[in-house]
Every structure is written in structure tokens, then in C-alpha cells.
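Shown below is the structure under consideration.
Chain lettering (A, B, C and D) follows the sequence in which the chains are written, and residue indices restart at 1 in each chain.
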Amino acid sequence: MPLTSDIRGVVPIAPTPFHPDGRIDETSLDRMVDYFEGVGVDGLTILGQLGEAGKLDHAEGTAVARRVIGRTRLPVIVGVTAPGFAAMRSLARDVMEMGAAGVMIAPPNTLRTDDQVAAYFRNAAEAIGPDVPFVLQDYPLTFSVAMTPALIRRIVTENPSCVMLKHEDWPGLEKITTLRGYERDGSMRRIAILVGNGGLFLDFEAERGVDGANTGYAFPEMLVDVVRLTREGRRDEAHDLFDAHLPYLRYEQQQGPLGLAVRKYVFKRRGIFASDAQRKPSQNLTPQATEEVEYLLARLARTDPRARLPG
Amino acid sequence: MPLTSDIRGVVPIAPTPFHPDGRIDETSLDRMVDYFEGVGVDGLTILGQLGEAGKLDHAEGTAVARRVIGRTRLPVIVGVTAPGFAAMRSLARDVMEMGAAGVMIAPPNTLRTDDQVAAYFRNAAEAIGPDVPFVLQDYPLTFSVAMTPALIRRIVTENPSCVMLKHEDWPGLEKITTLRGYERDGSMRRIAILVGNGGLFLDFEAERGVDGANTGYAFPEMLVDVVRLTREGRRDEAHDLFDAHLPYLRYEQQQGPLGLAVRKYVFKRRGIFASDAQRKPSQNLTPQATEEVEYLLARLARTDPRARLPG
Amino acid sequence: MPLTSDIRGVVPIAPTPFHPDGRIDETSLDRMVDYFEGVGVDGLTILGQLGEAGKLDHAEGTAVARRVIGRTRLPVIVGVTAPGFAAMRSLARDVMEMGAAGVMIAPPNTLRTDDQVAAYFRNAAEAIGPDVPFVLQDYPLTFSVAMTPALIRRIVTENPSCVMLKHEDWPGLEKITTLRGYERDGSMRRIAILVGNGGLFLDFEAERGVDGANTGYAFPEMLVDVVRLTREGRRDEAHDLFDAHLPYLRYEQQQGPLGLAVRKYVFKRRGIFASDAQRKPSQNLTPQATEEVEYLLARLARTDPRARLPG
Amino acid sequence: MPLTSDIRGVVPIAPTPFHPDGRIDETSLDRMVDYFEGVGVDGLTILGQLGEAGKLDHAEGTAVARRVIGRTRLPVIVGVTAPGFAAMRSLARDVMEMGAAGVMIAPPNTLRTDDQVAAYFRNAAEAIGPDVPFVLQDYPLTFSVAMTPALIRRIVTENPSCVMLKHEDWPGLEKITTLRGYERDGSMRRIAILVGNGGLFLDFEAERGVDGANTGYAFPEMLVDVVRLTREGRRDEAHDLFDAHLPYLRYEQQQGPLGLAVRKYVFKRRGIFASDAQRKPSQNLTPQATEEVEYLLARLARTDPRARLPG
């Protein structure tokens, strides 16, 4: 079943596990999928930036997609961002045939004007085909492409196959409110809005009306709980849990290979990954950074026992 | 008399002459103004990038403006691009009181979305005051801000005091045609369009309907002639003259301090400037570059005797 | 007494108070200076980005500097970042004559190569004069200029008047460790390193060996305490206090005019500023954002009574 | 035989011919290869930006490479620039097995510091394998990555498989002189330097010591002649020919899809391509632009009969 604008909840951005020698670790991949299912997420996104997609060739990428899609009944979204529409189309068609629910597309950082951005997504939507639902990724910090709410509305309106926004603008709270306002005033059809950016503002984003989270935080359980507690109107409880995680979350959310190194380290510590190896170019945690992470986890574990990891 | 959208012809961007020790050379400044008047230009732009405006402090900048405005009856446009609206307002008010015809404003390179660019010019127009006519500078290559024709129309429409476009987009021919089309279809009021970019496409830009040139080419006589010949429908003659200049023009139009060094060198060779000194940070011509410029001038002089310079 | 590399502790980045009609509010300015002195900071930085320096003209900027310098015996650092070296020199000389302790310089976002960045600071140091101590601002997120530790070492080595680094790279912990390592291995003379970036990583930055904080957090008391507790080896207490502030701190640290709006709002709530007005272009807090800030302050006040503000 | 630093002469950047319906036009592809051979070029570069590489998927790209390599005995260089090293490696290995002479790599526009650029090329060279000769593309205008001569020397020194520089910096003449100086003073091994940038400065670049041209100008005969005439010391003849082409060359060298549209149009007019179709996203020549090109060709044909095209 293809992705629709009804998707909500938590859709983790999955890292890709490697053996220390660089081969894809399929056992860990399976374990991660099972783990995500077990904690009650609502879907999975693979082959995003966090998944080191650029370090997999086409065959490897499609192999990962096939394995994940084959193992779970959750909807799987596949990152198909590519330098050209031909490669994007090719990957999108391949993974949709395997049973992916939809694809995610980020804009190239060379786009400047509103017209250029809108044209890009029209061309992308045409390239992958109108039957392939796609997620619009709005992440100016990483992609250097700024989209106003009005531009997002335009993209959504021009492309019926755009069903979800991965919102990770920063600051971004008013943007969410504006977009939800467009829906209420009838100027934009409803789309799903799930937030990224490591979840750094999930506590308030959830209150502003987003449908969930689509990010790579190493404790997706917290994302699930915060989204649920907010939906249930239990504001203080949501913030209490979120705030307990925030010192570590902030540390994890450092941009680039360091943030990935932290996440993989914690996945290893949690027994999900056998190794925290990255493919090259990679960045490893220094001993001091490792100590800092352990310190943060120990402090978190005082409040959230799920962070209590065996020595 | 303030600048209006009726301005047309050639408005050179003036460099600022310095003594070798860095002091402003007022004698050369006067000589340049007289020289420009003598070759039949229609105005002057001072304190632009080419005028090394950033290397003058406020007192020096206003002194240059006062001297130029006091010496010529041509309309003088003053560059007031500044990092903040307070400094922009301050300089704009000062030079308008001295008798400047208008000011020129370039967008800061941090602007991205159409809305940001439009807001910037609304704020700038408000800061300098609605009585101060301004020139909108559209130079993506240098300023990294891309403006579509529709965005320019929006800026023109939102700001009655915007009377002229300094067009230096590249490629830019279709942009001119589109803007002139907006005027014809009544969706934009008429503004003056003068071209910059060293004049690299003046031959065709003039045919596309611009009103003239607003650039720092070291032989403004050529710009004057090409604009006139095109207006008179003498296409082949216009191109013959332009093409003769093109090898040197292209050399001069190299971006940054090198292009300025070439122009100052030629101004010195033509007897307009006593020295080709730049203020620091500066770039001088190497002996090989000097030889190349001399070679190009000698070749040009075969066709255009105005390039025949005394050894 | 001029700034030296011995500066340490907390040096707040001061906002500039305005009346609702846009005039500078000198009473609030005085009150802020007194307040900073009262909480035990070690210096003040004025006319930075947070101080809306671009919205003050030269006369206003120097008037603010004169008033602040005249009122406090703390060392005052003045932001002199400017589009050209002439304006930078002019402002630097003016404020040093008034008794400023030093100046702060950020690189223009057009710089790319290591050589360009190094040349820029050589030229800047020469422009302001070798007797004027300066703070090197390393803030890639805002200025788009990336400096490796080796490049910072080069700038420090080439410019004896560079006495302090305002470190706000992100991620930045390993950078601090590398720079301190350069000092230990003798390849770089010791400089002061104070951190910015809203203090988002101050807890660990303090442990990594920085000398303090140079940022605009609205509760500088917390910065003072965390720096002190860390220096005293009371790690858990430092983190307990920091973590209590983090949910609000993260909210305040949103980039651009929003972050400034939050800080000014809290300064008003704390009775330091009479108004939270910004000069245009400005951004005000929406009612929902105001509610979010109040909610965060109320939660913070449960742990830190200094955040308990009168209704 | 693999590419070495002995390559010199003219190596055109080849466009890719399409049928109007978007299919690759293999007949035109063959005709182009034969045409290039016939005019005496020294190699071919395919799947570069000009070749619309991003609009071909992996299978199409390798099919084009196979066909071109199979048809010519000239060395064929293949663009393998990719968002990740896995795809780069995969394409590089594939085309080298087919008999390509080497590959061309451009840096991603996210790189900033010298260290980042150097690390990128070390990683790229390792990814494709030390046995694959590569061309370093230095094109700041398009790729936004600035490399000083010292950085290029570092890349050349760190990567024995880097055998050629595609030089298209602008301004760039002094850079060539500096690099050749490095070779003479023994601080850099000799590499081939071929120039791009549409050939806009080939006349002087050839005099500065480059080995030839590696660009997509629609009359490669001119490039061949200018390189040869300069090598033979016939300076005035070289410039006479170059200057005759310059008005059209400048028009063709407009950045982006417009420049490609002009080249394809002229290839069609010359009978090399059956169609000037681009794959989407594309830009077609307007009637006015077509008239301008025809006018320029007619003027050029007065001097160079090779530009005399059948009506």
C-alpha cells in the first residue's frame, strides 16, 4: 500500500550497519528492523543521508531496500535524492517494484529562486512517475535551500504525488503553524508533516500540529512516547520525558559524520548493531567523546530506564 | 533633479583614483569627471564595488561624492550598499543632500527566497526614504542572489522609488526580453534598464531593448557608440565596433581586483589617472599581464584609434 | 587596560535596548550594564550581531560604545565587523580611544580558501593597527566560513594582536581539544577561548578546556555558575544546572531575529529592558511563541529560582 | 593505454545527442565521434556536465561510454563525478574495463576548507583505485569550490593517479603561471593542464603554458588551430583566428542549459547531430536567440569558412 498523507506517528530514519571491513551487515540490518517494529514505530525511512546512501552503489542500495522491505510490514520510504533525474527515476522505480511505500526527495543545493525549486520538484515528480508518492524534504541547514511556507504550498499543489513534508527547518515552529493554517483556510490540501532535525524541537512541534517524527534519534521509543503523550494532551509528561533526553539528544544531533558516529555507537551499545563501523569517509568517536556519550546516557538512565545499558 | 526612469545612454561606473601612498587623488578624480563629460556619457555612478567603496570610510566616501557632484552637471548615482539599513540610510541622506540624483543598492548575499529579497528592498526603500530614487542591482555572479523577472517586477511594483535596473545577470538576454514584455503587457511600469557586466553582451542587450550601459569599461566611448549605432539601426556597424573591442573587453572584465587593476592601468595609460594604485587589499598586474593588455590595446588600435596610446 | 589572552570567565554578548519608537533606550542600556556587573561577569561585548549593530549608524554605534564603556570598569569588546577595512579601522580607532579593551572581527562570507581567510585577518589586523587586540570569531553556521584548527593556528601566529577566539563552530568539541593540543605541543601560543553558539555545548566545552563563555544567553548567571563549577571539578552539579536550563536555552538559541526576540522578551520580563522592541527589520514573538517561552521559564523556575519571574 | 600527464592538444567535451523523444541518438553519437577524429583532436571527454550525464541512468551512461570507446582509437575520458564514492567507483571501474583512458572528477560544492578538498580527492582516488588515472576539474564558477595553486599542488602530490588538470578558474592566467612555476622549481611533478571554460581565454592560456583545451566549443577546429599556432610561435595568427571566433564563442559560453542549447543547435546546423533536443529539464533557443546565433555565425563565416553553414 503506497504512502498517503494519512501517515502519522514515528518513522525512524535508519542508519545502515556495516561490518568493520565495510561489508553490509545483514544480520544487524534485520535486527534493527525487528527492533523498530518492536518499539511501535509507524514506518521506516532508509537510504537517507543518515543511512550513508552515497556510500552504497546502486546494487547495494537496492539490496538493502529489498531486505528491509521484505522483512517488515511497515511502510518503507526510500531516499532517492540523486544528482540527476535519470538515476532518481531508476532507483524510485526499482524500489517501488519491491514494495516500497514511497520515496523521499531533497533539493540540490544549487537551487536559489522559488521558481527553480518549484520546477525541480515538478521535474522530479514527473521523472519518478505520478504513481510514486514522495516526501518533500525541507532541511535548509544541510541543503542550503530555503523554502517559504508559500513555496511549500505551491509544491504540494503542483504535485499531487507529494504526500508528506519532512520538516526540518530551523527555526521552524511558526512554519508549521503557517502550513497548518493554509490547510484550515483551504489554500492547501492536507499533507502529513513529520519532523526531523534529530527531534530537537519535537516537544513543541508536536503541540504545533505535526503528525509525528521522521528522524534518526537513537531512542525512537522517546519519540513514540512524546508524540503519543502530546496527542493525549499530557503536556507536562511529554516535556518531562523530552527534557530528560534533551542533553543527550542535543549531543547526538551534531551535524555530519559525528552525529552518525554517536547514533551508531548507541545502536551498538543497545545491542542492535554488531559494530558501529561507518564506511569511508568516516569519523570515529574519540575516547573523550565516547566518555561524554556514556556520561550522558548514565544521566539519562536515571530517568528513562531504557537508556540503562549493560557495561 | 532626481533620477527617473527616463535615464538612458551610458552611465559609467567610476573607479576611485589613489596616490601610490593610498590618499585619494583629487586631481585625477576631477580629470576623470571631465573626461567622462567630454565623451558624452549621460551620468556617473560612484562608490560602487569598482570604486573600492569598501576601502573608503564614511568621511572619505562623502568627500568623493561631494567633489564629483560639485564638478559635473550630469546626474550622479551613488552606491549605498551597506551591511545595515542605518548606514545605508545615513549615506543616502548625506549624498542626496549634496545633490546626488539617486542611489544604487545591491542585495546582501545571504538572501535566498523571493520573499526575503522582496522584503529586503522594501526595507531598504523605507530606510532611505520614499523621496530617494534607487537603482536595483541584479548581479547574481557577484552577489549570489538570483532574481527572476517576476521577482524584479514585484520589487519594482512594491517600490515606486525604484526607477532603474542595473542588469548584469548572465545569461541575461531573455531576462531583458521578458521584462520589456511585462512593460508591454502592462504588468510592470516602465523602468530604465542599463546593463553592466563589463558590457560583455552589450551588442545584443542593446538590440533586446535596454536603455544603455552602466558599467566600468575603460573605453566608455565604445559603449556610447554601440548604444547610439544600435538605436539608429546600424546593426553591423555596432557589431563591428563592439567585436573589435571584445578581445580586450573580455580581458578587462575578469572578476575581482584583477579586472579593476586592468581598468586602472588603462586609465593611467590614457592619461586620466596619475597612478593605477589600488588601496589594500589590492592586486597589481604582473609584467606578463601588462604585456597582454598592451598587446590587446595595440590590436584594438588597428581598428579604433582611440585605443592608440602613447608609448 | 587592553584585552589580553588572559581574559576568562563570562563575557556576555549584549543586545541593544530600543524604545518602541526605535530610539536607543539609554536607561535600559545602563540598567543592563549594571545588571551584568551585578551577576559577576568578566567583561562585555557590544555591537555584535545580537546587538543589532547593522541597524545603528556610525554615530549611534559609537554613542552606545561610549555610554557602556563610561559606565563599567569591566573590559568592553566592540564588534567592528564591516564590509570594508576603512569602516572597520574607523570604528576600531574610535572605540579604542574611548577606552574599549578590544574589538571582535568576523570574516565575510565570501571567503573560501584558507589563504583567503588568512589574508583577510592579516589585512584586518593591519587596518585596525597592531596595538588593537582583536577577537577572532569562528562561527561557520552564520558566516559560512569554515576554519580548520590549523587555519586558526595560522591566523593566531600571523597576528600577534589576536588574543582570543570566540568559538562557535558546530560540532566543535574536538576543535577545542585540537587547539589546546597545539598550545601544549608548542605549535601555537596560548589564546583565550570563549564559547558562543548560545552556550548549547558549554557543559562539555568547559570540560574540554575553554576559558569561558562569550554569548548572549538571557541568564548569564547560569553561564557563570557552570564555568565556575566545572573549574572546581563539580561536574555533576555543573551538568545538573546546565540541563535544567537546556530546554529553554535551546529555544532561545534559534538562529536569527527569533532568537533575539526571545532574549529581549526575557530581558524585559526580568526587568532589565523596558521594552523588547527591535529595530526594523524585526521579528516579534507570536502569542504561541510567547506562551512557549513562559512555559519553559516556569519549568526552569522549579529548579533555578532566578527564572521565577513576576507575572 | 591509460591517460598520462603526456596528454596534450584538444580533447573536446562531448554533448550527448538525443532524438526529439528523448532516446539516445546513436547514429549522431557515431557521427560526432567520427567528426572529432576527422578534425584532429587528441581525445574525447564524455559524460561531463555538458554531456547531460545527470540525465542518463547508469545503464545509459555506460552504453554511451561503450559505444564511444568502441568506435574510436582516441583516448576517452569519462566523467564520474557522483554524490558518493560508491557510485563513482562503480562507474569508474565499469568504464575502465571497457577501455576508457581515464576519468574526470569534480569536487562537490559543499567542500570549504583546503583540508576538506584534499581529503575529498584522496578518498576519491582510493575509491576508484590507484590504477585509474584521473583528471582534476577546477571550475569554481560552477562548482563553488576554490582551489589555490598550492592546494592543487597538494592534491597532485598526494595522488599519483592525478595526471591532468582541467583548468577553468576565472580569472585564471596567473594560476597557470604559478602551477608551471611549481613544476620548474621542482615542488610539483609535471601534469597536463588543459583548459575549459568554453575556451574564453585560450589565446592567452596557450601562451601561459597550458597543454591544450578540454572544452565543448562547437568549432573544435579553432581550438586545434589556436593551440597549434601558439605552439609554433605564430602569435598574431593565433589571435586573429581566436578573435574572429570570440563574438560567437562568448555567446556560446553562457552558463547552463542555454550554452548547451547553442552548442547543440550548431552541431545540428553543422550536420553532426540530427536533432538539438535536450533531455528534460531543458532549455530551447528562442527565435530571437536563434537569430542571434545565426547572425554571429554569418559574421564568423566571413573570416573562417568552416562556419559557413548551408541555409
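Here, a contact is a pair of C-beta atoms (placed from the backbone, for glycine too) under 8 Å apart; a residue touches a chain by one contact, two chains touch by 3 or more.
All figures in this text were calculated on a predicted structure; none of them were measured in a lab.
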Determine which of the two chain pairs, B-D or A-B, is joined by the larger number of C-beta pairs in contact. B-D
Note, CA centroid farthest from chain C's centroid sits on chain D
Measuring from the mean C-alpha position of chain B to the mean C-alpha position of chain D, what distance in angstrom results? 33
Return the distance between the CA-based centres of chain A and chain D, expressed in whole Å. 38
Note: chain B sits from chain A at a C-alpha centroid distance in Å of 48
Contacts with two or more other chains, residues of chain C listed in rising order: none
Within their complex, state which residues of chain D touch chain B. 170-171, 173-174, 177, 200-201, 203-204, 207-208, 239, 242-243, 246-247, 250-251, 254-256, 258-259, 286, 288-289, 292, 295, 299
Could you please specify the touching residues of chain C with respect to chain D in the complex? 112-116, 140, 145-148, 150-151
Which chain C residues qualify as touching chain B in the complex? 53-60, 81-87, 89-90, 109-110, 119, 123, 126, 279-281
